[in-house]
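Mind having a look at this structure? Questions to follow.
Every chain is named by a letter (A, B and C) in the order it is written, and numbering of its residues begins at 1.
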């Protein structure tokens, strides 16, 4: 597709796209590091992760500002309008993911204070899946590939299954007395945080589908296709 | 946001309309419905045929030597190019407002408006005065000129002159009002007043507006048709066509990738 | 300022000077004619001159009164016949003149505009003088009409062509026919140009001598009406100017000045009327 006749506008859209992609990369790193710091009990890794959060928050604010400027100055229409308005939502979802990653670091700190312990294997697997979901959503966004975004939506079931498995086992273990509450609760909460990251990543994918296809697939709506 | 009512009756319908100027074809078989008492905007790059289409609706091409029209245009179901249709009478039902305000320069404000009704047979002076007042009120111009109806029409500002032309067109009591880029010669405030006026007028008239200003089409119309190189590419409810158009050519034009 | 710009400025000034010089050269003959006529003719203008009939050359009480009235009569007849015909033809050419017939008429009008005046006189002669058996003011009027109509038709057409197409479109879009539009919208808008064209044509025919020589002919008495021959300024000037009498030649100059003044007054009157209309049209 040819670019906008107005080069300055084209450049501004590129900047916005770039910021979103950069924010997504940062957030992916935060997920990976937070999960590892939890599993390996590594406090310094947790600190690194938390240190990334201010940049993510700044990204959200800058993106919101850019969106307002573009709306005021460019009166965008059609796909430009959908993209610019959705950019705000995407930034919000990414920022929440960042906060959730910080929360996982805190659960790790709780676990270490309670004396440490093994972390259920479902946790690193969930982390891998949701990190992949964010990454795939970002790639789908850059490539304007609604089918790839659709694939991300399907991954959410995997995350839900993993969470159910983990909850079943750990709750059972706590009830039986085989596991301590103090060392199990942080893991449960971390897993829930990962599941919510998965939900936000699903939102990202739905937003990409809206920008590309112009159809709102949230809450069970069906996507259409355009020529 | 209110949902757009589905068009139930097409006041004007173009069926496979082709227009030729000599051997050059300006319209390539356009079929379009204009719903009753709604505003339909026609957008597209220069030379796409939007003015040609609209001028076919009141048979203005009859006056262009070398122009020929094929296909049909139905007004309330009757082909306006049929053999028993008098184009002069047709133009009393389908009025037109032009790009540059064109009041009759030798006449005063009230004479401009009374001119056509008088030619069509209205003689009574009081009836004419009332007609002039009614037309000026409908065009939201009465308050500004009530004190000086005998002043030359050319003493008005550009925006006022255009509203005078609208009043003049309305005085003939048309059913359809064709507007060919009515605001392109006006400043933003005058433009806003006319857009506001259109919003009021659509209660009583079917309006077709040609515009090269997409934001104006988005503000003013209920349905929008996009034309390109003599063809109708897409027509849809305005709020749909400007948020997610179906055809990529419409998308490209609207987002400024060409034209 | 660089050398190049200085040269350019100099060239500009030289060109301006050359144009001014050309204008002066063109004006000199005109100015000198006017000057000569005024200087020579003014002394001849007197109350007697303006009000008395011609007398033999040795009498001092002669005048050009009948010639003045006669010119007004003949030109008036010309205008009476010529204005409706000329303006009507001009309207036709401007509004409907794109077909074969229109183009033919336009071509003929342009050719006839260059018609030698003596030919117009011959036609007038054969049409009126031969059929009625005598000279008459009417014959003169008819002869002059053949010069008046083509000119008026062309100037009327030009004036109407200056009316913007959008003004006509406005009228047509209101449901008026082409004829109504032409007569009630286009023509009033073009009135200034049309009047100017008529003035120009009047000025032209008022001074024509050849056609009148054998149509209106001449006499020394008051004009009695269109059916009889009449004196006219051009013919009278001609007769007096080539005469061997000094007093008559003096009066010829006076007649020339009179003719010029008549044309000037017609022009000014037309322009005054037009100026008022134009102020209205411009919105004052």
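As a working rule, contacts are C-beta pairs under 8 Å (C-beta built on N, C-alpha and C of every residue); 3 or more make two chains touch, one makes a residue touch a chain.
All figures in this text were calculated on a predicted structure; none of them were measured in a lab.
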Identity of the chain that, by mean CA position, is farthest from chain B: A
Chain centroid nearest the full-protein CA centroid: B
Computed distance of Cα centres, chain B from chain A, in Å: 51
Mean-CA-position distance for chain C and chain A (Å): 92
Distance from the mean Cα position of chain C to that of chain B, given in whole angstrom: 46
Touching residues (chain side chain A, partner chain B) in the complex: 1-6, 9, 75-82, 213-215, 226-227
Residues of chain B that touch chain C when the two form their complex: 58, 60, 63, 65, 88-92, 95-96, 98, 100, 102-106, 115-116, 119-120, 151-156, 165, 168-169, 172
Chain B contact footprint on chain C (complex, rising order): 98, 164, 166-167, 169-178, 180, 184-185, 188-189, 191, 277, 280-284
Complex contacts: residues of chain B adjacent to chain A: 214-215, 218, 242-248, 250-252, 254-258
